[in-house]
Amino acid sequence: MKIYEYQAKQIFADNEIEIPVGKVALSVEEAVRISAELDYKVALKAQVHVGGRGKAGGIKFASNKTEVEELAVELFNKKIKGEIVERLLVEAQQEIKEELYLGLTLNRTKKTDTLIFSRSGGMDIEEVAAENPDQIVTIDIDPVLGLQGFHLTPIAKILNFDKNLLNKLIPIVKKLYFVYKNYDCLLVEINPLAILEDGRIKALDGKLEMDDNARYRQEKLLDMWDEKKEDQLELIGRQEGFVVIKLNGDVAIISNGAGLAISTLDSLQRHGKTAANILDLSGGATAEKVKRAVKVVLKDSDVKAILFNIFGGITRCEEIAQGVSESLNEVPASIPIVCRMQGTNRDQGIEILKCAGLNAATDLEEVVENVVKAIQGGEVG
Amino acid sequence: MSIIIDKNTKVIVQGITGREGSFHAKLMKLYGTNVVAGVSPGKSEEDVHGLPVFDTVKEAVNKTGADASILFVPPRFTKDAVLEAIDAGLKIVVAVAEGIPFHDMLYCRNYAFKNNCILIGPNTPGIISPNKSKVGFMADTIYKEGSVGLISRSATLSYEAVNNLSAEEIGQSTVIGIGGDPVQGATFKDLLPMFDEDPDTKVVVMIGEIGGSDEEEAAAYIKDNMKTPVIAFIAGEAAPEGKRMGHAGAIVSPGGEGSAEYKKQVLTEAKIEIAEKLTDIPTLCKKILN
Amino acid sequence: MKIYEYQAKQIFADNEIEIPVGKVALSVEEAVRISAELDYKVALKAQVHVGGRGKAGGIKFASNKTEVEELAVELFNKKIKGEIVERLLVEAQQEIKEELYLGLTLNRTKKTDTLIFSRSGGMDIEEVAAENPDQIVTIDIDPVLGLQGFHLTPIAKILNFDKNLLNKLIPIVKKLYFVYKNYDCLLVEINPLAILEDGRIKALDGKLEMDDNARYRQEKLLDMWDEKKEDQLELIGRQEGFVVIKLNGDVAIISNGAGLAISTLDSLQRHGKTAANILDLSGGATAEKVKRAVKVVLKDSDVKAILFNIFGGITRCEEIAQGVSESLNEVPASIPIVCRMQGTNRDQGIEILKCAGLNAATDLEEVVENVVKAIQGGEVG
Amino acid sequence: MSIIIDKNTKVIVQGITGREGSFHAKLMKLYGTNVVAGVSPGKSEEDVHGLPVFDTVKEAVNKTGADASILFVPPRFTKDAVLEAIDAGLKIVVAVAEGIPFHDMLYCRNYAFKNNCILIGPNTPGIISPNKSKVGFMADTIYKEGSVGLISRSATLSYEAVNNLSAEEIGQSTVIGIGGDPVQGATFKDLLPMFDEDPDTKVVVMIGEIGGSDEEEAAAYIKDNMKTPVIAFIAGEAAPEGKRMGHAGAIVSPGGEGSAEYKKQVLTEAKIEIAEKLTDIPTLCKKILN
């Protein structure tokens, strides 16, 4: 779950990391009003979740009221990599001496936390990594040990052990580590972390992505979450208790496990097709739950067929079959349903489907072939 | 033989008084697992399926000499329960819950590792050594005893693969679900050496998927160390970049890192045979076993 | 390093563990004044470092002004196990429903932290351990892991999983653990931790002992330290940079290591004597340092002889000998000096001693025999 | 042979640019220790006695393949330096500083243990395998190569004992100072098995003192497991209760716990020979060696 720059900065400020004075504006008028307080010497920053905002022209600098107005109008009418701009962060401009990069994320390979620091801030860290690997230090932190003094030596080194600078910087590193851990971040990043002409260090940009699994204990972040930025089908799915993934094909895949669904998608691709969406019933679904799942995927107008791929374990095939059978009235005739059932109570499930006029395939490849034929108007099974 | 668990493994069930814990404690007992006790703080008066219930893991271990624990505990309490099990000296801990915050697992994995504990999961159906012991909730009827070792990130794909194998009369030594999370306990690389040392495991099947680099790490290990042949399957070649495909860990990074294509390339370079389809697995196993 | 009850309670209060209203009084008048604010329903508690204060009559309860006066006079004129009473804690009396015990200390055998809890508070924990071991839970905490939720289950069990009580108690346990760790405590103890009639839980007594090695980072505790309670010779020693131990014999043992000093003391005992004090020069002492050491031990009027036992390693014997030689003027003729030298530059050291008119023994037993003879007036060496 | 260190052990010196670090780096080199580098943050331009200096332990390990580290670092920085060494993968760490807060050592000891690192100290002169390697600051001239293993809480008493042994031509395999703190890295019990496995160590001398129960723990271990004979000396029979006798750990609790008398009794019950005086040690060793 991502939050906006201005929200990430609010979290930083709450944790005593300095940020520029500024406020978020939802309209041109509001942007002008906020700018007035800052003597119109402001940065106007489009608030979007996609990366590469700067290069896409999402950040503008104004120095008088007219410029603020013009630039705010321009930004509110812009799309940044397809994302519409609904909020502008209006901030006092800063006199920057040097730009640093500071970030924390998971090292998935080593299964540790990783602290990333660079003296070449302000640009994309991947670019720095590619062009000036010497300018980046990557420090793995054993999560059991936590951040210790010695972890910071490589940062000190890149700053030539400049004591004066380090005395200001190291508390910020510790605070950001605290944020990373205590706000359940997948990623937290300050880029640039700017050393200003007056010697202060401020977070000029901020990125924070929360672990979805930690929603239950991160109310503050959850309050910041902009639901509208999510795919609406996926959102509905979540509200109904399913993991739904929206894709750009025309088959709805309903299955009782993520792996099975992914493999079904792979097989579809080998047949030159892809899914409109994937819905995971997860283990132990009831007929009732199946009916709700069908309703969810039907909200996706891209769907031309529904494919059930079930491998019963805790999940019982007859429950699924019952749910499919009871859903039939709801599904338009134009949308064929194909099924595959295997595992716990498979025979009973197939029997129920048969009564409902549906055949069941026995394996994954077969059911995928069936759905391809069905969409092409052929006979199923 | 088998790895990690067998008939002698004494298992406790943390969260045994809950619906799932109680249900699967019974199924495990029926399967033949040596379940010796349950743990549920404040419920030590109760008795579940004839099993004593203790307030703490430490008491359960002291009284029963348990070796292993399986946790039927909600995600928000899983970290504490895992740490309790490790602290009590257990060397095998299976965490089945899905949806555990990754910082919790990061801590648990590293703490388990330092304490020489094999942590399986989270987000896993568990581990089974067919006809010997099952510490998990998989539908056990599809498993057959034999000489294929299997490790899978996905639960359903492990069922699918096992079903295909058993249908062709190819049994399994031990089948382990390591879970679909980006951070888990034991990974492919942690488990492969155990299979390699097991004289009864003649081939190992590794069912990977997009996201992360655990398969690549395994490939490097296999190339340099494994004597037992390994067959790999990778799910997710059709997954678009940047989409989390149901499992928290199943995501191809923008830029293509963690893609099925790349993983297969690395595995192939390490001379590991790739099963393009799940149905290819029995054929490839047979080739090695015969 | 020990602090007084009222100081330990101040630390508790700073960390949001509730304590009774009260203040410390240095005189009877002050005790009366404080009591007035509390309507004279007060507990008067002698502030001493020794244990067993309650049984020794160091705690009194008053209910009117006269009683306060009488009891304060009594307490200020009392000695508790030899320790004079200079401070009284005057506290509001509490209506107690139940007394618990809560403490944290080091498990030296297992090298872990240990949390101790008992439902039988208010009495000596060792007594409870001996008489009602079932009433105590002892929970070892891996210092790397720190206090976790599961550690508290044994406490919950002893309280019959009384949720209402646990919701109030568990935060106190966590706070005391925080105090234990963050104030570098060797021991921290609340006994009794009282459940009051109104349901609140308060620390009615408090004990906190700080690790001497952590002085440098515990300024707050150091400010609380009452130097007068220390042995004055040991205090002077510390100020001069030596570890000095005051004992009740008549020989001053100066050595370059704690182990060597202890063994010398053991040997003295086998000869029916004991030391007045022990001074450890520690490694690498200079002649200058030796002279300062001699000055320190001479401040002890019990000293009838000085014994040097040196095993040179980093320490060089000739430096020690030089120091001894230069000290001779300062040492009264009535106080003989005996020496033993071994290790680095031993021969040079012995030569220097010889010039100063001193013989050197080669081993520990010999030097001890020499000092015994010297005190008895015999010839040395 | 010897335990823990020998001629091949590659040693780094943390704090090498300090007075003590520089001085003892030189002495260790002169003794023949395979010192490969120093570490001192911000001083990597320097070169000390021809040794390269690195900013971090990790760099030093990567560049030199070091196995061991000795820390000449002030007490307040010791915890961080120990953790850095362990985190960098070193398996032998010697901390000489005296006066380290016990909570720091409690953490270090347990972290070292979990990472399979042998931590020696603090408050120790270090470890020496005579004629092979010295990782410490002891006056090395008194040591002779031979077959007595020696472990001591006190530095000076280990010198005293070694001096007595060498004077009688009895050499030592390895001599280890474990330090006089109440919480230290390796204890008697942790080190005894290593001596027991060393074919060249024919007898082990254990120099204990009042305070704690490490000698009692060792006694239980020796009784149940040791094949190599052990001789013990306990200092402090004249120490009064409740007085900390110079070493932070040397204190008899009020009530007599940790007294020399009790320790000797436990050791005797475990059939361990007691040296009443330090001068008895060579005699007792000879009895076993001949």
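Going by the order they are written in, the chains are A, B, C and D; count residues from 1 in each one.
Keep this in mind: contacts are C-beta pairs under 8 Å (C-beta built on N, C-alpha and C of every residue); 3 or more make two chains touch, one makes a residue touch a chain.
Note that the structure is predicted; figures quoted are calculated from it, not measured.
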*State the chain with the largest centre-to-centre distance from chain D, centres being mean CA positions.*
A
_Of B-C and A-B, whichever chain pair has more C-beta contact pairs_ = A-B
*Any idea how many Å lie between the Cα centroids of chain B and chain C?*
53
*Where the CA atoms of chain A average out and where those of chain B average out, how many Å apart are those spots?*
27
*How many angstrom between the C-alpha centroids of chain D and chain B?*
42
*Calculate how many whole Å lie between the centre of chain A and the centre of chain C, each centre taken as the average of the chain's C-alpha atoms.*
57
*Got the chain A residues that touch at least 2 other chains?*
142, 144
*asked:* Using the touch definition from the top, which residues of chain D touch two or more other chains?
replied: 111, 114
_chain B-touching residues of chain A, taken from the complex the two chains share_ = 106, 108-109, 111-113, 126, 142-144, 181, 184, 186, 211-214, 216-217, 243, 245, 247-248, 255-263, 265-269, 274, 278, 280, 282-283, 311-314, 342-344, 363-365
*asked:* Which stretch or stretches of chain D touch chain B in the complex?
replied: 114-115
_chain A-touching residues of chain B, taken from the complex the two chains share_ = 75-76, 98-103, 106-107, 109-111, 114, 125, 137-139, 142, 152-160, 163, 180, 182-183, 187, 207, 209-210, 212-214, 216-217, 235-240, 243-250, 255, 260, 277-279
_Parts of chain C lying in touch with chain B, wherever the complex brings them together_ = 142, 144-145, 148-150, 153-154, 156-157, 161
_Touching residues on chain B, where the partner in the complex is chain C_ = 41-42, 44, 55-57, 77, 80-81, 83-84, 87, 111, 114
